[in-house]
Structures are given as structure tokens and as C-alpha cells.
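Just dropping this structure here.
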Amino acid sequence: MYYIDLTELAGSVPMASFTDYYTVRLHDSDAAGVVFFANVFRIAHDVYEQFLKQLGYSFPERFAAGDFIIPIAHAEADYLRPLRVGDMVEITAAVAEIGDSSFIMKFQIVDSENRLLATVKTVHVAVDGRTFHRMTLPEDFKKRLAQAADIA
Amino acid sequence: MYYIDLTELAGSVPMASFTDYYTVRLHDSDAAGVVFFANVFRIAHDVYEQFLKQLGYSFPERFAAGDFIIPIAHAEADYLRPLRVGDMVEITAAVAEIGDSSFIMKFQIVDSENRLLATVKTVHVAVDGRTFHRMTLPEDFKKRLAQAADIA
Amino acid sequence: MYYIDLTELAGSVPMASFTDYYTVRLHDSDAAGVVFFANVFRIAHDVYEQFLKQLGYSFPERFAAGDFIIPIAHAEADYLRPLRVGDMVEITAAVAEIGDSSFIMKFQIVDSENRLLATVKTVHVAVDGRTFHRMTLPEDFKKRLAQAADIA
Amino acid sequence: MYYIDLTELAGSVPMASFTDYYTVRLHDSDAAGVVFFANVFRIAHDVYEQFLKQLGYSFPERFAAGDFIIPIAHAEADYLRPLRVGDMVEITAAVAEIGDSSFIMKFQIVDSENRLLATVKTVHVAVDGRTFHRMTLPEDFKKRLAQAADIA
């Protein structure tokens, strides 16, 4: 039930991107006065969900059908500057690579002065929703991912 | 105010490790029925906090003093198998590298059958708690990190 | 250091309200497939923070100044229908009562068909940010709360 | 699909209680330096989950079977003193009332000096896991709830 073999993630595709905005909330922060590191992943994923929605991929529908889900096999973030409560940040999500059974998303979070605060990268693999066994990305979904640049 | 220059993280030190246990909770999971990826970072950090406590490093004291805090500059995780609600997992935290102004922690999360579920890596940099400017790791803290294998 | 004496919360003021929208995210849900109950409080508070911002109250500024913060002394929620991932909900925040050193907020969360999903009520008390000792609400802030209906 | 009719929650039963401990973590806190109010609900629920486990009620099994789940219809908390990062708190969970199709849990959170920090109350209703329609509490579960005082 291993999620991933990164060796397949070879060919790169044209960059597709999607932008959203978020005001940092109190619950995102911790006693250090800045956003808790794990919440940056959540903030990026929030935008990813809106991106998928635009692509016609619905989490609840796929969970209910149990046919095709895309869990995260790898995630990483670089924290360049702290995010603070009340900050309005701009998050750009982009499809960075598309493989046979996986794809990579990259996110950039910048502040209102366009300074880079953090970057996030997530690797998603297609698995059967019931068995969690790896599967190839459905052609239709793959095509929509690749064309995302045009519709986003 | 950039947190990190990873080039300094060269020399490796003897592995210091610390183990704790956690029962996966409902709030860790999402509608896919497994733990939400960002929460794996939080679960690792929970153990890191206990580890630092044993080393005599207190978050609230350092935040109050504002003298020496150690935010995360980079974090990454590999998800091998899903964590499920009710699972009792074992988390091992280890000091992987110690630099002049930063250190690396590595975490392994295994289930009750000792199968690896996830690994997490976090890079921590020492910064002044008021200015967030980078500083060298205090000698005493550095020594305790290096000796952690003995006390953990 | 007790936060609250609810007996003072007598006089009611004209209802001031503020509305915002939220798309339920994966991280809000749990393995039951619906939003984890505690996250409904967070969703309400997210809107409260935007409301306070409009009133000119800044959390980070007040935390930094340590002069006047308004922690929650009581919170309650009624859950009428489950919130599901992808749902677009409308949250209405209203100032329900204003006392000498506290005030009450009420929130209603409805779905796109205007069905009530949940209600939340929070009681906020003014305390000194350093000592957490209770204090009277600053006149200016009290006035802005009361007039919120006009500016929101 | 309304979860609850509180009028049925009349008869009280012998108090059953269960105690657990928790060290407040960084992610529980916010930029005010104390635990974010909604997280107190989560901390109480974490203990509730351990309590149910002792009673033989498994969330994942019930979610998978879809036969009998017990969502929260009402939750409330009183915050008496702030919880701070690093605090070791003791949480006592007790079955306060058992009705035909619902039950009430009460929680007390005290610090190491036995000072009351917060109380939480949650009302749980039995619903069919697929339809979310209300149902009577299964006799066996009801009996175990009532006897909890003996096994906890």
C-alpha cells in the first residue's frame, strides 16, 4: 500500500496556475505570534481544493464513489518569512508535473508587498478510494489538469 | 529576514532519539477517512515539543524572554501508509544534524506492527525572538542537543 | 483571574450584523464525513475576526501593546445539520449584547438554500493583556461595537 | 435532519467518570499566548474518544458500518483561566445524563495545582450513520454508558 514511486514523475507540462487570497487568522498562529508551520500546508491545501473544484473534481463525490482519490504522498515547505495574524496573503497554486499515476503541485505564498513568505510542494498519487491501491490517473482528469492553465 | 541557509548544515552528529506514542484522534482525520496530511506534521511536532522539554528548552519561557527561538525553515514529509482514527502510533524523533545556527530533526511514525507510516523532517534555525534575525545556536543548547542521545 | 461574571450582561443593544462566506474545506471535516464540531467554532471566529477588523480592532496590535484583549469566557454551539466538504455557507455575525466589561456575539451559519446549519454564541470579556485582569470595555471600542450595525 | 430535541434529556444517571492527562502544545495556542478557545473543545473530545474506546465503541468501525453514530448536537464551554503551552492538565470526562436517543458528557480541565481552567459540556445524539436520522441508543451501548463508572 505504498503511495508513491517518484521515478515516474519525469515529463514536465506547461505550468497551470490558480490564485486565491487569504487573511491569516488567529487560529493559524501560535504563541510565537506567527503562523504554526503545519498550518501553512493547510493554507496551501485550501487553495488546492478551490483549484480542483474549478477542474470539476469534487472531494465528497469521489469519497462517496470510492473510485478515484488523490492522497498526498509527499509534502514540503520552505518558510522564508513569518506569516502574521491579519496579513492578507496571495497564494498561487500551479500544476508543476503530471505523471502516469501522480502529479505535483507547487504553491507560492506572498504578502501584500509581493514578498515571498513560503513555498509549498505536494505530490499527489491516484489511488482506488476503497483499497488505496495505486492506479493510473483517469485520462479525463489528466487532461483537465494539463489544460488548467487555460481555464484558471 | 530569511530564516535559512541550508549550506551550513554539513557535519553530522551522533543520532539522538526520543520516542513517544499517540492515538490518532477523530480531529486528525478528514472525510477521506484517514489523517489529513498537514496533521502528520503537527503529530511530529507534538513529540518534538516533549523532546525539547526534556532538554530543558521551554517554549513559553523563550517566547516571553524573546531571546532565542527556533522556528522551522523547512519541513517535509513522506506518507507511506494512511494513519487511521484509533491507531496507536509510535513516533521516534531524532536530532539528525547540528549546524552553527540550525539543526535538523527527523521523525519516523510506525504503527503497532512496526510498519512505517510516515517520515517527517524539519529544519530549525535559531533566531532572535524579537527581530527574527538569525543567530548562532547558544553553546549550552547546542551541547544538550548533541548529548540528547544519552538523556533521551 | 476568572474571566467572567455574566450577571452584568443585562442591557441589550440594537443588533449589529456582519456577513461572510466560507467554503467548507477538507481539513474541517473528520472521518465521519462532516465538519468536526470544534471547527464550527473556528469558522465562526474567522468571521468575528473580519468583523473586528472592520471595527478597527487589530489582534496583533492589541497583543503587542498588551493593553486590551478580549478573550472568550463562554462559547456554545447548536448543530442542526451537518456541514459537508465543498459546501458554501453564509455566516452572519451579530453583536447581541454589550455590558460594561464584556459583550456577546451570535452567529448563524446557513447553507446555499438558506437552511440553518448551526448557531454559535460567544461571550467576550475585556482583560488587561499582560495580567489577564478584567477591565471595563474602552469607551471608544464600546461605541464602535454599538454602531457596528451602521458600518457593517 | 435536526439532530436534537433536548426535552428528552430528563432523567439523570449515576456519574461515570474517566480521567486523562494532556500537555498543552504549541499548536493549541494562538498569538495571544494562550490556548485558542475552540481547541479546548478538541482537547475534551480527545479524552471522550479514549473514554468511548474503553466502552468498546470504535469510531472507525461505526463509520464503516454506518449503523450507529453519535454526532454532537450541542457543545458549550466556560473558560475560567487560560491554558498555556507546556501546562500539564488533567481532564475528567463524565456521563452526566442518558436519554432515549442522546446523552450528555461533562468535562472538567484542571491544572497541576487543581485549579479549574475550563469546563466543557457536549450533547450527543444517536443517528443512523447513512441517513443521519435520529434513532434510539442501542440498549447495549446505553448499558455500557450507564455502567461506565464501574469500568472507568
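For clarity, chains are labelled A, B, C and D in written order, and residue numbers in each chain start from 1.
Everything below uses one rule, namely that contacts are C-beta pairs under 8 Å (C-beta built on N, C-alpha and C of every residue); 3 or more make two chains touch, one makes a residue touch a chain.
Everything quoted here is computed from the prediction, not taken from an experiment.
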Seminar exercise, completed: The chains touching both chain A and chain B are C, D
Seminar exercise, completed: Comparing B-D with B-C, the one with more C-beta contacts is B-D
Exercise. In terms of residue-numbered contact pairs, which of A-B, A-D or A-C coincides with C-D for over half of them?
Worked result: A-B
Problem set entry | Where chain B and chain D are represented by their mean Cα positions, the distance between them in whole Å | 30
Problem set entry | Chain centre separation (chain B, chain C; CA means) in Å | 33
Exercise. What positions in chain D touch 2 or more of the other chains?
Worked result: 26-27, 31-34, 36, 38, 42, 45, 59-60, 63, 84-85
Problem set entry | chain A-touching residues of chain D, taken from the complex the two chains share | 26-27, 29-34, 36, 38, 84-85
Exercise. For chain A, which residues are in contact with chain B within the complex?
Worked result: 1-4, 31-34, 36-39, 41-42, 45, 59-60, 63, 69, 71-82, 122, 129, 132
For this session: Would you tell me which residues of chain A are touching chain C in their complex?
Result: 23, 25-27, 33, 42, 45-46, 49-50, 53, 58-60, 63, 84-86
